[in-house]
Amino acid sequence: MQKLEFTLSAGPVEVTAATLAGLAKPIQYHYDDDFKATFRRVQEKTAEILQTRNDVLILQGEAILGLEGALKSLVTPGMKVLNLVQGIFGKGTGYWLRDFGAEVHELEVGYDDAVTPEMVEEFLDAHPSIEMVCLVASETPSGTVTDVSRIGPMCRDRGILTYVDTVSGVLGMEHRTDDWGLDLCVTGPQKCLGGAPGLSLISVSQRAWDKIYSNPAAPRDSYLSLLDWKEKWLGDGRFPYTPSVSDINGLEAALDQALAEGIDQVIQRHVDARELTKAGARAMGLEFWARREESMSACVTSIRLPDDIDNAEVRDLARSKYGVMFSHGQGAGNLIRLSHMGSTAGGFHSIVGLTALGRTLLDLGMKLDLGMKLDVGAGVDAALEVLSEQRGRQRSAADALV
Amino acid sequence: MQKLEFTLSAGPVEVTAATLAGLAKPIQYHYDDDFKATFRRVQEKTAEILQTRNDVLILQGEAILGLEGALKSLVTPGMKVLNLVQGIFGKGTGYWLRDFGAEVHELEVGYDDAVTPEMVEEFLDAHPSIEMVCLVASETPSGTVTDVSRIGPMCRDRGILTYVDTVSGVLGMEHRTDDWGLDLCVTGPQKCLGGAPGLSLISVSQRAWDKIYSNPAAPRDSYLSLLDWKEKWLGDGRFPYTPSVSDINGLEAALDQALAEGIDQVIQRHVDARELTKAGARAMGLEFWARREESMSACVTSIRLPDDIDNAEVRDLARSKYGVMFSHGQGAGNLIRLSHMGSTAGGFHSIVGLTALGRTLLDLGMKLDLGMKLDVGAGVDAALEVLSEQRGRQRSAADALV
Amino acid sequence: MQKLEFTLSAGPVEVTAATLAGLAKPIQYHYDDDFKATFRRVQEKTAEILQTRNDVLILQGEAILGLEGALKSLVTPGMKVLNLVQGIFGKGTGYWLRDFGAEVHELEVGYDDAVTPEMVEEFLDAHPSIEMVCLVASETPSGTVTDVSRIGPMCRDRGILTYVDTVSGVLGMEHRTDDWGLDLCVTGPQKCLGGAPGLSLISVSQRAWDKIYSNPAAPRDSYLSLLDWKEKWLGDGRFPYTPSVSDINGLEAALDQALAEGIDQVIQRHVDARELTKAGARAMGLEFWARREESMSACVTSIRLPDDIDNAEVRDLARSKYGVMFSHGQGAGNLIRLSHMGSTAGGFHSIVGLTALGRTLLDLGMKLDLGMKLDVGAGVDAALEVLSEQRGRQRSAADALV
Amino acid sequence: MQKLEFTLSAGPVEVTAATLAGLAKPIQYHYDDDFKATFRRVQEKTAEILQTRNDVLILQGEAILGLEGALKSLVTPGMKVLNLVQGIFGKGTGYWLRDFGAEVHELEVGYDDAVTPEMVEEFLDAHPSIEMVCLVASETPSGTVTDVSRIGPMCRDRGILTYVDTVSGVLGMEHRTDDWGLDLCVTGPQKCLGGAPGLSLISVSQRAWDKIYSNPAAPRDSYLSLLDWKEKWLGDGRFPYTPSVSDINGLEAALDQALAEGIDQVIQRHVDARELTKAGARAMGLEFWARREESMSACVTSIRLPDDIDNAEVRDLARSKYGVMFSHGQGAGNLIRLSHMGSTAGGFHSIVGLTALGRTLLDLGMKLDLGMKLDVGAGVDAALEVLSEQRGRQRSAADALV
């Protein structure tokens, strides 16, 4: 197998040397006042990127821990929940909801499509007893997004709780916890923040806490518990269990870099990367997975493969022959993902992605409609055209500031 | 507050530069074949220190995750369980057992004492229907151990399952999963292995799997699930969720160092550190927390404080004035812990611990019985005497090999 | 200025995380036996890549220190020296030779050309009193090489000393100190080895030592001295001055990676990178700096710019607008260098280089002859074609081994 | 050999994790504007600890490079120089001075003694033609200091140049380049600054530059040259040769830590460490090497050994049996050095040093006068008494600020 040259996967992503240096800081005892101060500082910085004044919890476990613990804390038997399904993670939320005893309603579309605010509005009008809406802001496996900016306020105004899986959403798209009235949000460091996997970053509104406190089944004295963190750590300054010191230090390093760059700038960098990747892929002759362009996420561009080319084959060849690691769709469909996330959301990482994918497809003999060959060169030219324009615009803007 | 000069806490401990370098390795995508090979290699090395051919699971969460998940997987309603309680963690096991519906029997002694194999034997003779015995091999908060080497085989021979919390036991005392017939063992990297916190290392015997498979309440599709790891990862090569790449790399670095040193040598290093610490503390005029010397753990020496000196005060002064971080008993009693664990289980780290603790107690005006003052100098002399003898013996042994 | 995304400069180059981890190892006292053993081990590994059994010295200073110290040690007043000049470093050698009192003869060609073995042979035939030949194996600033494999043995057979500056030659082209009878070779870690700058790696033959010992002006008790290292360190185990512990550790890490990959494999990797870069640049419509293709180095591809485009302008725009760092010719001419050296000698780093350079030139309005525009896409297609073939060949070879 | 537990050598010293992280930063091309800015910033921070507005040069080579290059730049044939000799480095300066053609006058005392300002004044009164005074502020091998604060101004007022080797002086004792009128100062990162070895940090006054410019023998186009750095780098922004990127990054990390702590605080920390070490050693029954207590340096405490115990034997036993690395006197005499330098200038590192040295001497059967045994315990008690008082004073001072 060829030595790894580039990791362009959909998270965990390549992280910067500064983030690795954070992970490598000396391990301190978790009850050292220094470390407790670090932990609190990291909470505050996390609140900043979540744009919230709500409580922020940092659980030691990949985001799936936060998602499960939060949902289990919120759901009571018979609770009426609307679950929006447009991908694998949304589908999974539904399974959990049923396990936890909710009365589940679902708005489901194809995994290459998006549930629209209009569909949600219509449903809520017709079902005024809905108590909670669950949604996935950014479905990483298929590279599509849901419009939280409209669905969030819609729920808040109706007194409906919102549970938002935004693991790959934060910093890859606009995310305003408080402005949009989102009650429970879960994200992770290993996506657009460009950190290491291993933590669940959670914001909990007062309304959500009220619901959780009224739920006798909300986990307590458990690794899944949000209440333990609320009462023991936020309340008494005692950790429910030993936190991962290195993960916290690594998270702080990643947060510091993002905040120094600026939240809006980080988001724009992801959007720019998507635009040049889209331009390149289209000019190359590739087809997007997403049915609607406006629902394509900024952190990953999903390419629809023809039926005769298996995505696993593509991924394996790109990795073993070219040393470039892509992600497939984790079951969402026959697609391959060009990721531009965290530190790989720059210009030339996408050029690498486009050329490596393009050449791999050529090697596999991929034909376009009408038998035309993929045109990698044309794709690169188009992507560079977009990049040149983006960077020119940034330089003009920077000059204007002087 | 004085700058931190030494962390002598009871885990997380100071880790070596090589372990930090492991944590700082580039983050790879978890489905990269390279990383999957790394994960499997780390499992094998973990099996080596657990001395087992059973399945080994590495869950991404501090050991408490493994302990909870494993217990929940094993316990069925009405199951007859004997729980050995000689400290805080044993006590906690009992709470969980009751929550999970077991019929709980307990052998409980003071937290400065140990449940003996004789007590267990007598109980099991009298209660032949016991299906599982739960025990904590090393109660870190009070620094006492349980004799697993005798209780384990006793249970195996009677067909009773064993659930062993040996978080600070592995590498700090003899531990033989297979030889002693232990069914479910949980440890973590942040104690005697000298790694970073953040992972649960679990071994599961076939007997334990049989029990778990027969348990409808065993967690599935959950962060707490052992079955998910068994079926998805061990079975199909799919991770139930994204593992913490950096924690796995850090764990491998710590394991490599331990295995290069040799398991017996690492254990002996801990025993030696205890011996010199004990000699020093005794000569200084301090009293041990443990009632029986033979139950003192090799990873931490607990010192009993007089009633008029609060352990929190001692810890705070040592940290804020001298830059030395100790642990208190986390509720086990009015004690302070001199840790010698992982990379701090050497000779002079214990000298630092003894002198920093001694001087802090003098500053607080601690009097010995009969009003004698602590004699720090005498303690150091005694500790150095033991150290000189230990090292002399090692050098003779090494010479003899040539 | 755009954030740095890729460093494609002609050394120092981007180094691997493993090399950075080497640099970050704990600093040991240089007289610790551990460190002395490390130093000796690093000497041996350096000898391996220099393919020699001669003494190896590691001076603490960038290669220019080794070059100066060695030349000053060898040259006696009136010594007849032939200096081969085909670039900036060769030119500089001549200045030093004159300063040190040699009778200097030079064979000089344009900096885009190479002195051939035939020219050297003819000169030596005509000047049998020449005592030493000085040459630069790889002129990094212009990206051209000299054929040491033929000139070396030619000198050895005539009893003429050779002084070889092969700073960017070792691991980027074949280099056989002993087989070719090279007397004094100097290289550095920051080029094809992919290490950090800061050290001079020198091999000295017995013949060279004899010459140095007979030279009363050879530096002693000086930072420039080779004799101090020979007598104090190699002889007595005392360092002439404190070596840079971190640089030695970093060097060992880089050497370990190169030796694990294999010397021939590392060289082939550089050759492959050159071939795909050449194919890409040619198809794009660019002109090479080197007049003869056979003298193009494998570590850097120099592109000749038209007179109306200044290389500084190109480099500045690529860096400030695109975050890609190139090198210019350091005075060798109006050229820009696409480097593929050390860890950047892979496939897709060259794709980044080609596209970033191409697009920058387009932005600057570069026209080809006949007014044709640069065709970046065509360049990428051609480079990928070569890459696909190279990797296919490697895979076939690997398969054949099974 | 026992695994290394503590490095208490007289430089290179153990460095902090933050300094190691600096050394491990990604390698940038030296002509990247980012790196050039870093280099200039590091110069400014170096000027801060040297307390000067003079030019600061950072040469890539251990301090001996700066010392040699600077002296060679300053000395003209027949120049009348007074060299103060109280240790090995002062002695070495004299050898160089003679090599470089100076008319050398020396004031020499035993290596356990110090040349006093009065001796210098008397000499200068009697020899008004002296043009330069050379002195070593802190003779690391013997642990003694010279009073630069009085000798510096004395020379300035007489128009005499000063050449000051203060490699282990800066941050270990007061050092005021400009206030004291010092013309040429050389220091290094690996002593009291707690950095890695590998760089020469030099300040040059205008008067010194004038002298150098008037010296035709001042090195040019040489690794030893100060003029190359003045003209090429400070003048034109071109490096005379590739600087060590990692060393510069490591130096910045060390400087940042020192400046954050405060120059006066760092010095006081060294003074405090000396005081507690002295108190401990004296109470233990050891004898100081230095004849005058006021000339004992704050970075290292030299212990005089009796004739029947060889310092090499002590050092070897401490390292091989106890894993503690000390330095001997590098030829200054039969002494052993307890270092408290950089990050090891804390409280408990000195306790480790005292106990490890004491016990090693006991193992070797060292007798005090009158046959009394060393009293290690008494030494520790005395050292802790001083430490307790120092830290109490600091806490009171800190409280007073609130």
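Worth a mention:
Order of writing sets the chain letters: A, B, C and D. Residues in each chain are counted from 1.
Note that a contact is a pair of C-beta atoms (placed from the backbone, for glycine too) under 8 Å apart; a residue touches a chain by one contact, two chains touch by 3 or more.
Quick caveat, the model's predicted, so the values are computed rather than measured.
Taking A-C and B-C together, the pair of chains sharing more C-beta contacts is A-C. Look at the CA centroids: the one farthest from the centroid of subunit B belongs to C.
More than half of the contact pairs of B-D, counted by residue number, reappear in one of A-B, A-D or A-C; that pair is A-C. Mean C-alpha position of subunit B lies 53 Å from that of subunit C. With each centre defined as the average position of its C-alpha atoms, the distance from subunit C to subunit D rounds to 36 Å.
Here the CA centre of subunit A is 44 Å from the CA centre of subunit C.
Within subunit A, the positions touching two or more other chains are listed as 17, 20-21, 24-26. Contact residues of subunit A toward subunit B in the complex are 1, 4, 7, 9, 11-15, 20-21, 23-34, 60-62, 64-65, 68-69, 95-96, 99, 190, 196-198, 221-224, 241-247, 250, 319, 325, 327. Partner subunit D is touched in their complex by these residues of subunit A: 17, 21, 24-26. Those residues of subunit D lying in contact with subunit B across their complex are 2-3, 5-6, 17, 20, 24, 320-324, 346-349, 351-352, 355-356, 358-359, 362-363, 375-381, 384, 387-388, 391-392, 394-395.
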